[in-house]
């Protein structure tokens, strides 16, 4: 039987084997179906499942990067970490524990959210193994807010604030890209900068061009252990409507692909793609974009393996 | 200016005044936009807002019951109780505190969910004022599960179990209506019965007819303080697709209206309508049904006022 | 080439020829794409087009009635009468003028709305030819309101009031079927009755059964010239979500088909199906129902022809 | 870890193991994602995948039948048979070959379509093992047409005609239930009857009641090897909008569940559920219904096993 | 209690107070839910309500402009002007009367449509107070047609033609931006130019760049009283699908934000945003864009206040 | 009566006459509603019908090209070629036969798909009349695969491979524009090049700019008979979500319009627009784009006629 067409067969990421035994794997695709941390539209709990389904459309060879990541790497689909919608701390513990175990086996994690709150336990696990991390953070929102909403320190607006407070971030090498839209106050972006973030707003990116953005990222992150966190709302809602807190005036899908591919050469140790909310998507275009961005991450990881 | 048409104007429930000052009110419509407790599809956080919007289609006079509840009663729209998606305990505390205050002012509460987990703090507040409650519980699921999912005692599957454990329920007068679908195990319905519930399955209701169901309810609840909790998934998903855990083979909308109207004569002290999830609705038909059921509750409340 | 499958080919009602030359026709299908008269959701302007498209699924032979209307009758698709959204009077004039001309040619009109306001000029044209009409009016709303909304005498809530005032209706033979839902006030149904309507509410229909409803209709309309006006919201929104002012608790599609077929034997001179609003439909189920109801009307017309 | 909630984890039918090794299994769930044979709306190629996803909502214990089929039976998810959209003969060959092999291993097949054309190779495989089959066929269309559309003998309108011609059917024990809607001509139902089918139209079922329908089925099929083919369009489009050729005026979901449960006691040897088309569904209610009907089939199979 | 999250609470624009008492206000947000004037898809009657709902996502501080408009200005939500779908003249009279009264109180109006026909009475009211207006008109269509459609002088295709005829426009300072798509004839754009409009087609804007467009606008409008009318279909349907007559090949959302922000420094006296049609939107992205554009207008107004 | 508004009247392409008599026509619009050849989402069988419906929004005059194609040309709507979903060879035969007959009458064909497999018989018919063709092929996929999927030589991934093998293509003048996304292997693009295609990837187009792309096209195709095949998935799914195998990172609608207009001056002898799948569209934006691109083709054809 030839390679099955995308509409056929059971679903795992890229038709990779589903197993919790990570031995010998290069990359484990890990879902975190948690949508409790969002401030507006829920639904990202269905993100991992839908991104997996759309990954069946990834035919395998990355032409711009010249690599076939599913051939070059041993990729497995680990399945989902158990998430507890009403208990973010417990969810965090589950993520940190399971991802740490995967990383300890020498396996790279590609995490699929879920809302952006899940990046905090991912950073905890990665920092535990790699030390304070350089971070490339694509987003429309800074997510470095301090709002203890109703006494809750954790939400999808605070992961990077908490991560910095916990010492997980190499703040000289933390770059936010695509920031835009109204913020709560005058100080939001200023605070992000005080915390050490290099905030590249959408206006700066549009005016200076993407190559300048990439140059800035490389200048700060080169030679460091780099974690990439990609909030799909960095992309304009025309290209990514299926998300919880859309911000207009963002990147195109082509821009986003260029930005991810442009990370080539960095020492990438971890990735996440978050905030894909299938109930608000149409024609699955957001999930298709997310699956392609995951494919680019895998391709970068494959190139890195090849370079060794 | 004549009465505005439904597509015009700002939205409150039935165009009633929005105020947190409940003095002199007969009924306060209270939203609880919490969707953290659901086991499958989220989105009920948008339930109160959408039910309010659809309530603008309620032209005012209830012909079968012969009453104009917005004329007969002083109804206010209290707005929403603050919900904290990731912290069900805090949400519970908010609901219990605010609803208790409204009840203490002698005002009846009509609560709009949100998922079914919110019924527990509503029952706490009502039992504090009225003592252990007779309960008429329309649902496809018993919601008397004991599953401490991931160590969480509270979810949309457990409110009545917890309420019984807390002594909030007059278990001789607790009737579940519409139960159906697969359950976790052999014992689920048996356990509900052991806890004191009279479980009227959909099969019993269909075979015996709705008048028999109503007779059974009246036989148990007459003369007692009755709280009505209506999970919209008691209705078949053809009539109420906008919900989180649909169960096929349920009541029609006409059935549901008959069942609610048939509560006439009981001493109704509290109401909730839960599990309306607008992202999964179409043509707003679920929210329209919910707003009509809320209207029936108000009508019953108006009749009770008239009888005094 | 065999009969084309429904997904192929250009669209006319039932693949009948499109022509404005009505000579020799038995029935002209006439669209009236007007949605200005609605009090809530617009969109019925797309009703005629979508009903036509769904009519391609009508395979031709009516088994319960034992007739193949497209064989028995010369049916043409007349196309649409020009409607002017902001000018209901001008639209009315267009409908009355064009429909009168068709009727004068001895051709029966099957009109597809559009909102219910269009029934008034249809009744004017029919009464001009046939005299005051017996009317079978399926609806959830009485549409005999007197509300001069903002000084506008015409809307989708007033056509039958105006028709009675204009003497177009044989009020002893005017039957409303399916009425339900909140009305503006205590007097709405009472007024309808004072105007001469026999108001069969949904509760009466459900309690007495459909045969009793049909008996009542025949008792009043037998031997008279009968016009049938079918507002799709007579059907429950589960079966007909694509409409502007849905009322829950209505007929099933099976009920509706039985009610229409049960008109067999009456001297039917005109038909309309109104209030199908495709933007609010899903899976086109409302338009499919409407096209089937149109098919039943044609079947009744074919039987009548056969009887002569 | 407790049983995962439905929104989590990878998808197989009922979370059963995915394997092509059928040894020791009682039932194999087999997808046939073929939508080439439909005369109107395509999309059933996504039926098996979506029914599997919705099967995660099946909590396990069937209360009306008193059985937990996933405990009582060794159920596996076989995955999909390769379908070739443009080549129905090749698809037929694949289905017949693979299903025959499963049956030869003594394993019962529960097939998920796909459009109704796939029932022909399923019947071929079953008849090869069990001989000419008694058939219970739920549908709105007779599917015994002879139309060689464009010279094509196979389509979703012809499987039972072909099966009878091929001698696969015990025509004295072939019952069609739910037939309705316009047919191509006067003779369609008559021909079905001449071919040996007992055609129970929706009108007969509604007038006589479901117990009479079931009695008729048992009278004909008792003691024989029975294959059940369930076209989801037997159900009204209000309950099952996600299908290719909806016919209004059908069964409710409650009716359909009763009809399937009522097959208890027959010697059921094969099942299929076909014509679920997710692109036209909303809120997944059609797929949820289909997954519940599959669960009923499994429950019947479990009871049969228990009886031995 | 902290600032409520967007999914909670009753809806007014930006959570500003709803009042018809404009005393002391800087800006009144005024809805005009009229969709009678459209030539294709209706539904803009729900525009004001949905834009208000999406405005809850506006967190308050405008980073590119450095202003917090809800702090700097006293903004109120006036609610909706009564619209009469079938009577555009009466609707016009209502708009003109109510908006004039607001303007006379020294309050700026930010109007939310509704279709583009509503701009004519808005211009009448503004010209009455400010004299002939400079106009910045973002749109894909010139809306300076003369078509008296069915004898109707008013529609969403004619407001600027009528405004010029009525002397409301300073035609030397009337700029149309974004014009594209097929027009009725050779003369459409030529006529617009003869009427005094500077027509900047999308091709000119794309070729010359947005700064050149803004330069042109400032050159013509500087020092004059400027009214800004923004038809959301100036933006490409990828970014704004929820509109009545989409034209492909338009601005991105980023472009549109830049164009509005670039109006800084002009003496802006009035604004409208029109043609948002929620029934055709998805994921609310069009309404989110419109609410952000409204926010930019408010920010410009706040800067102007600060400059005084 | 004035020109009817787009929501009114029966549908043909651009309201041109529907006839199979092509005598005297300049262009015949021909639908090919075939979706059997797709590897993922079906639904393009509804493409021709929906594109026709959206063509009613084309007001007639092409401003950038300065031509009114419906005035300059005698355009007819030929209707659809019969397609047989399960038999691609028979469909091919129908297309080739009917299109050849139209071409033989000296009429240009504008074909509306359907999936991309239909281009092969279109090329056969055109090559039969015009000889080996220069081809401008807009697409995200090369469609020059050799995959005999399940032994099927024909699918929507192979038409250009087969056409080259059959000698229908002037391979020195075959340009692919917009290619991107993962391919099956390292060799896919290389093979396309070996077959003679000039593969302009999206990266080359974005880096070099559209004028360079057009220059390249003209350099190769000038003076030759040129066939244009436009797969709507050349455009980014933000602008064209309604398609079967979306590839992110594509052209904007503005880009696509420029690319088509830029073909001016070539000797264009045939056109197709394929892969529009309405079930996956929203707000009809994909079909609107396709109808505009068809309009541009007609405009180019009109200019060519004028030049003679």
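Every chain is named by a letter (A, B, C, D, E and F) in the order it is written, and numbering of its residues begins at 1.
We take it that a contact is a pair of C-beta atoms (placed from the backbone, for glycine too) under 8 Å apart; a residue touches a chain by one contact, two chains touch by 3 or more.
Nothing here was measured: the structure is a model prediction, and the numbers come from that model.
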Which pair, A-E or B-E, has more C-beta contacts?
A-E
Residue numbers at the chain A-chain B interface: does the shared fraction exceed half, giving same, or fall under half, giving different?
same
Going by residue numbers, if over half of the contact pairs line up, that's a repeat, so tell me which of A-E, A-B or D-F repeats A-F.
A-E
Separation of mean Cα positions, chain D and chain A [Å, integer]:
42
Rounded to the nearest Å, the gap between Cα centres of chain C and chain D is 37
Note the residues in chain F that touch 2 or more other chains, in rising order.
1, 7, 41, 45-46, 82, 149-150, 236, 238-239, 252, 280, 282
Applying that definition of touch, give me each pair of chains that meets it.
A-B, A-D, A-E, A-F, B-C, B-D, B-E, C-D, C-E, C-F, D-F, E-F
Could you list, by residue number, the parts of chain B that touch chain A in their complex?
35-38, 41-43, 45-46, 82, 84-88, 90, 117, 149-152, 154-155, 279-280
Footprint of chain B on chain C - complex, ascending:
39-41, 147, 149-150, 180-186, 188-189, 201-203, 206, 236-239, 241-242, 245-246, 248-250, 252, 280-282
Footprint of chain A on chain D - complex, ascending
1, 4, 7-12, 18, 31, 33, 45-46, 49, 52-53, 77, 79-80, 82-83
Name, in rising order, each residue of chain D that touches chain B in their complex.
1-3, 5-7, 57-64, 66, 68, 236, 238-239, 252-254, 257, 282-285, 288-289, 292, 295
